[in-house]
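In the two complexes below, chain A is the common chain; its partner is chain B in one and chain C in the other.
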Partner chain A sequence: MDTIITNEGTKTMVKLKGRLDTTNADQFQHDIQPLMECKDPDIDVDCCDMEYTSSQGLRLFLTLQKSVMSHGGKLVLRNMKPQVKEVFDITGFSNIITIV
Partner chain B sequence: MAFNLDMHCEMILDEYRQRQTTYEKLKNVVLETLTKTLHDNNMLVTAVEGRVKTEKSLTGKLELKGHKYRTIDDITDIVGTRIIAFFSDEVDTISAFVEKLFEVDWENSVDKRKMLAIDRFGYMSLHYVCRLPAAIYSDPSMPLLNQIRFELQMRTALQHVWANMQHDTGYKSQVEIPIEYQRSLNRLAGILELADEQFSRIRKEINDYRRNVQSLVASGNFDEVPLNGDTFRSYCELKPFNRLAEKIATINQAEVYEDNPMPYYKVLRALGMETIGDVQRMMNEYGEGAYQLALIQLAGTGLDIVASSVALQNLCIVMILKKGYGEAGLNRMFDSIYGQSDYNAQRASRIFGQAQRINLVN
Partner chain C sequence: MKKRFNPIKDKSSEIIEYLMSSPDMPDDEMLRFKLRLSIEEAVVNVVQYAYEGGIGWLEAGTSLDEDKLILSIELRDAGTPFNPLEKEDPDLTLDADQRQIGGLGIFLCKKMMDSISYRYENGNNVLTMTKKIQ
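Presenting the complex of A and B:
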């Protein structure tokens, strides 16, 4: 799982590539830690090259979402492949996290 | 404008200049104390504001009525603070907090709301003259901090609007305004007073309605409770979908993350539900189907976390299919919750296929 974080003005762009599961969840958590310390974060996650997420990944997205909300910010996940989006759908996580 | 102050007033002005830092500190401490108290008591207000009277304004006051003041301590509005509330009944609640916080100088405090004759409309505000108790804040380098009196005005937003308009158009003006304008201002004051009263009354009625709905929902007489945003929210506080969510969670021994089912309210309305009793019946009738759908979707995935809203999500899906609205009905539901997208049609098609396999489609 590769995580590339860049800034475009006030927006933070995150690009994910590969599978997010138990083997790399710790690394992903480490990668997104700085995002949880931002004030008024505006985070845009491009999931177009993400192949899969396990429930570990869902938990980390949930943690990120809670942190962003508590800082009065915004988190959007976009360009998900259908097989990844299905994981969010069948667990009800599409109701929690904004996916476009 | 040139000011002609006598020696007595010049001495007061000198004293004022020496106390500037203390005045600023007093204003800041009072504002911080008020803001914190209102926040701690969940009181939303329009504004908490304050100022230290400018030298120019004080000089003008001294020129006009300097002879009234024996010492600078007789001028109680050099530090002026103000709380602007939304509703007129909140002004009394706020004043109760203020009375607990500060030492109120009752002799010099006035309730201008009660000073107007029954046939007069105009300036309505509660003015307290207070001191800052040392128990709240003290500073040995500023002993006057707890002795200087300050003014605290409490009023509603509409009273504030009127006070500002009156101030800008007439009060303190050098030129007296014609009587027809004064009459217009007074008529406006009457309207604003009426509006303040109506806002408070409407808010009370809404609160009474909500309490009534909550007790109806709590009593379990669901067929008597019309389905609307308020009643559905109260119903959700009883966590009616949690049992189904817990059952779904057993599929993978999953953790349930409790989220907000409110986005599904509009789907329930679109499905023709009119009372909370209809929602309850949906759960009884389609709960097993909702579980079976989750079973076919989640079993074998190893996904061990679900949002509690998955229960209501699946209930709605099953009801749509059982009522014969088919794939198009599912697509419409997803469009209404997540916004339109091509993916919604794919998702609807996938679920329709899954539902056919377990005989959920009529």
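Presenting the complex of A and C:
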């Protein structure tokens, strides 16, 4: 999976592309590490090209959410494909992470 | 079809791709998504936890019933006896602060498949998952 991170003013834009699974969860964790170190995070994640996530991916989204909350920041996931959204819905993650 | 992988350390993707390329698998993309997710969760469980150091085997197979309506996926290993279905489902009502990181994999299998069963047989863990594919 590709993770592209860019800054637009005070906002951090993230674009995800491909499958987030057991083979690349470690890489993804490494890629999003800078987001966990933001002082006042305002993170916008475009998921339109994210094809898939397993529980390993969900865990990392939860870790990111917890980190953002502890820094008093904001995390939004958007444009999620229906089948990926279903994984977030089934696990209750839609209730704890903002998805628009 | 079925195949025994040995050793299985770092072989999760190879085992997942083997099962996903089975002629028993449906073509429908939504079904394949659910099957891939269930297979990944179940395979990763065995590869990461069944054997100390990942040294051991996993036999992975697929089959269809005679009407070709119901797909079965079977995983067999000789690791530590472990019934993943005994694990309590995660509490979905907790907020992010309280949610535990983990315990989601087998829960997703239960939700994505029509049935999932476990038995301990001749020293082997046997996990069988089924899904109606037509």
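Everything that follows uses one rule, which is that the second predicted complex is superposed on the first by the 100 of 100 C-alpha atoms of A that agree within 3 Å, B and C clash if a C-alpha of one lies under 4 Å from a C-alpha of the other, contacts with A are read in each partner's own complex, and residues count from 1 in each chain.
Going forward, contacts are C-beta pairs under 8 Å (C-beta built on N, C-alpha and C of every residue); 3 or more make two chains touch, one makes a residue touch a chain.
Source: prediction; values computed, not measured.
Q: Is the arrangement of chain B and chain C around the shared chain A a clash or a fit after superposition?
A: clash
Q: Based on the superposed arrangement, let me know which partner A:55 touches: chain B (first), chain C (second), both, or neither?
A: In the superposition, A:55 touches chain B and chain C alike.
Q: Looking at the overlay, does A:91 come into contact with chain B only (first), chain C only (second), both, or neither?
A: In the superposed model, A:91 contacts both chain B and chain C.
Q: Tell me the contact category for A:63 with respect to chain B and chain C: first, second, both or neither.
A: After superposition on chain A, A:63 lies in contact with chain C alone.
Q: Contacts for A:79 in the overlay, against chain B (first) and chain C (second): which applies, first, second, both or neither?
A: neither
Q: Check whether A:3 is in contact with chain B, with chain C, with both or with neither, and answer first, second, both or neither.
A: So A:3 meets neither chain B nor chain C here.
Q: Applying the document's definition of touch, where does A:29 land relative to chain B and chain C: first, second, both, or neither?
A: In the superposed model, A:29 contacts neither chain B nor chain C.
Q: With both complexes superposed on chain A, which partner does A:99 reach: first (chain B), second (chain C), both or neither?
A: first
Q: In the overlay, one of 296-304, 314-322 or 350-358 from chain B clashes with chain C and the rest don't. Which one?
A: In the superposition, chain C collides with chain B along 296-304.
Q: Let me check the overlay on chain A: which residues of chain A are in contact with chain B and also with chain C?
A: 54-55, 58-59, 62, 87, 90-92, 95-96
Q: List the residues on chain A that touch chain C in their complex, please.
A: Going by the criterion above, the answer is residues 21-23, 52, 54-56, 58-59, 62-63, 65-66, 69, 83, 87, 90-92, 95-97.
Q: For the complex, give me every residue of chain B touching chain A.
A: 254, 257, 259-260, 263, 294, 297-298, 301-311, 313, 337-339, 341, 343, 346-347, 350
Q: Hey, which residues of chain A end up touching chain B in the complex?
A: 54-55, 58-59, 62, 82, 85-87, 89-96, 99-100
Q: Can you check the complex and tell me which residues of chain C touch chain A?
A: It comes out as residues 12-13, 16, 30, 33-34, 36-37, 40-41, 44, 90, 92-97, 99, 101-102, 104-105, 107-108, 111.
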